[in-house]
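What follows is one structure encoded as structure tokens, with my remarks underneath.
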Amino acid sequence: MKLFGYRLPAMSSLILWGLLWEVFGRLEVTYFIPSLSAIFDTFLEIAPTKVFIKAVSETAYAFLAGTFYAVVIGVPTGILMGKNRIIDELLLPWVNMFLSAPLTALVPVLMVLFGFGMKSIIIITTLFAIWIIILNTRAGVMQINRSLVDMARSFGAKPIDAFFKIYFWAALPEILGGVRIGFIRAVKGVIIGQLLISIVGFGALFELYSSNFLMKHFWAVIIVLFAMAFTISEILAFFERKVAYYASKRG
Amino acid sequence: MSKDNAVTVKNVYKNYGETEALSDMSLDFPRGELTSLLGPSGCGKTTLLKIIAGLLPATSGEVIVNGQIVKEPGPDRAFVFQDFALLPWASVIRNVAFGLELRGVVKSERESIAQKYIGDVGLKGFENSFPHELSGGMRQRVGLARALSVDAQVLLMDEPFSAVDEQTRRKFQEDLLNLVKNENKTFIFVTHSIEEAVYVSDQIALLLPRPSRVSEIIRPTSFKNKDVDSIRRDSEYLDIVDRIWKSLRTYVK
Amino acid sequence: MKHRPLFLKIISAVILFGAWEIGGRSGVSFAFPPFSESMVAFWSLIIEGTMFKAYAETLKPLVVGIIISGLLGITLGIWIGLSDKFDWFISPIFIVMQAAPLAALIPLLIMAYGIGLTSKVFVVCIMAMPVIVLNTSAAVKNTPTNIKEMAKAFQGKDIDVIFKIILPASSPIIFAGLRLGVSAGFIGAILAELKITPTGVGDIISYSRSIADYPSMYAAIFSIILLAVLFLNILEKMENFLFKGNNQGYVSE
């Protein structure tokens, strides 16, 4: 949008929303919405505390471990599916199914199988992220220009060279797209996991704050979470744009 | 007459499932010469080229390159692709050196070889550009330099000039003539343009529509030693163009 | 083979369920019953009618939530798509919501609205709404200008342009957004039942877990995933059927 001839930057309206929130909070319309400045003060107060740091580091650990497995398993699986028709036909229905299935329903299973702890949360995070990574990688491999593959073969490329020098790079834009969406899903997965298995990370914090009606604390955590999720997705979008120049240049 | 053939295609058949693409195809490619494959679209020119390259197996029959039966791609043959087949994520120099990279030549050595051929095809100064920053003609030069840099004796070119504009194309044709003259390599060249085939070839193989065989081999003689500018006005040149069109027109619906 | 895809689907199902069966029988964990036992439990839940009663309960917040987010989301999306100012003002909220783990708001919703139906409907709405809004607004924004101008050239009024041009042109993507919204809504509905109060299917899951009746637990989970996947598949088939020809699926997430 333009204002007095200046282009307002994207997302700049969030500042306006922040102001509205502040005013609304100060009017003390409802107990549930404290003012933004009060929330910020509370955040400064709890940020250095042990519980908060523990929650952040536990969540970060679950997220990183979950996405690590999702990428390390998902990308090779996707490449295999894109290259091998039988594997593709055997796996594709399941990948599609799990992509749209409400995976939240699996949390109780994970709890009874893997316990009420970190392990279950990492698995649920992986499950949220992996399917889209597989599908995107597969799509990326399938659109690889045939003549690039022929070219590598005509120069006598070994399979391992073809894999790392052609397939991986040629599919990279799609892989990164899948990883970005997968990571966004993983953020949701890690939080859902912690909510349902509420003794780890932010799950425990939520429990603590909501049972004591600590609204400012609660909002402080939520805003931090949302901000982190948004930052992660923007960083990945940035990398995706870096390879976009050759994603569009393939016929 | 016992000529030295760099490549011999012997009774090659190729079926794609039900489709018969090549049927009993036999053809000799004399060493050091440029042979064009000319024929209606879909007659199997690309197929033949890929079989010679070792990228496709023949259903039956054999291809012999320098006395060896072809089973897989080898260092004696290099391919120039119609759509260039450049790595979009790699710079010009890495693209040109990529054939050598796959063969395990060390970086400094392969880059100095690549450097030479980048100069030869007139791309000096673009070593660190990326394919998307180049024009179509320049990209094809990169593909050509890559094929030249592995120093294969046989160059397989599948419609290498079809994706460049007409002026560039004429320039390429002249360059190609010089290349054939100066390098002792065997060129197998697929084209759709009759004029182009007659202009650059030592030998032209006319192919029949699918299932494809050689219908006629034409060897231009008189204008081969003329300079590039006067070929197009040579009477034999014009006669051959006319003759080829007469025999191909029956297949064009 | 004509039935190859179906055949392979069956094989892969046999492999997966077979692995489940073997895994269950070999006693990996006492909480991992074999496939057959789970199916028996599934069957008896259906015969007893427990399953139907449960789904009547589970689907209530889902249906209400989807209707609300559909109506509200599409209206907002169209408005965003048509007005630059509104776009600037409101879009960022949904963009952030799209990336954010909205489930974190559940404890707050419980505090504000208690543990009844309202909270559950809310959960479904916040999960389903962002993708519906963003898909709709993107579709409206991307309506080709030439057909809008065509309508204007024929003196179409704004309202005509919206209802006769923009909406039909964007309906495939709006519908796709709705489908993704339903998919997210399912997550919300289940989450609500597992986190807020165990009713419906969530109750079967929680209860059978608490009495260690694992086959019933697996059966309930199996049923909800099956239901969601089937329903979303039907929506997708409908989409392909309704909008044949203008399939320009967005990868929206």
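The first chain written gets the first letter, and so on, giving A, B and C; residue counts start at 1 in each chain.
Just so it is clear, a contact is a pair of C-beta atoms (placed from the backbone, for glycine too) under 8 Å apart; a residue touches a chain by one contact, two chains touch by 3 or more.
As the structure is a computational prediction, the values presented were derived from the model and not from experiment.
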Original post:
Greatest Cα-centroid separation from subunit B: which chain?
Top reply: C
Subject >> Chain closest to the assembly centre - both centres taken as Cα means >> reply: A
Subject >> Chain pair bearing the highest count of C-beta contacts >> reply: A-C
**OP:** Measure off the straight-line distance from the CA centroid of subunit B to the CA centroid of subunit C, and report it in whole Å.
**Re:** 55
Subject >> Gap in Å, rounded to a whole number, between the CA centres of subunit B and subunit A >> reply: 49
**OP:** Could you tell me the distance, in whole angstrom, between the mean C-alpha positions of subunit A and subunit C?
**Re:** 19
Subject >> Touching residues (chain side subunit A, partner subunit C) in the complex >> reply: 1-2, 8, 10-14, 16-17, 32, 86, 89-91, 93-94, 97, 100-109, 111-113, 132, 177, 181, 184-185, 187-188, 190-192, 195-196, 202, 206-207, 209-210, 213, 218, 221-222, 225-226, 229-230, 232-233
**OP:** Name, in rising order, each residue of subunit B that touches subunit A in their complex.
**Re:** 50, 53-55, 72-75, 77-79, 81-83, 85, 87-89, 98-99, 101-103, 130-132, 150
**OP:** State the interface residues of subunit C toward subunit A in the complex, per the touch definition above.
**Re:** 4-5, 8-9, 11-13, 15-16, 29, 31-32, 84-85, 87-93, 95-96, 98-108, 110-112, 183, 186-187, 189-191, 194-195, 205-206, 209, 214, 217-218, 221, 224-225, 228-229, 232, 251, 253
Subject >> Interfacial residue positions of subunit A with respect to subunit B in the complex >> reply: 145, 147-148, 150-158, 161, 165-166, 169, 172, 243, 245-246, 249-251
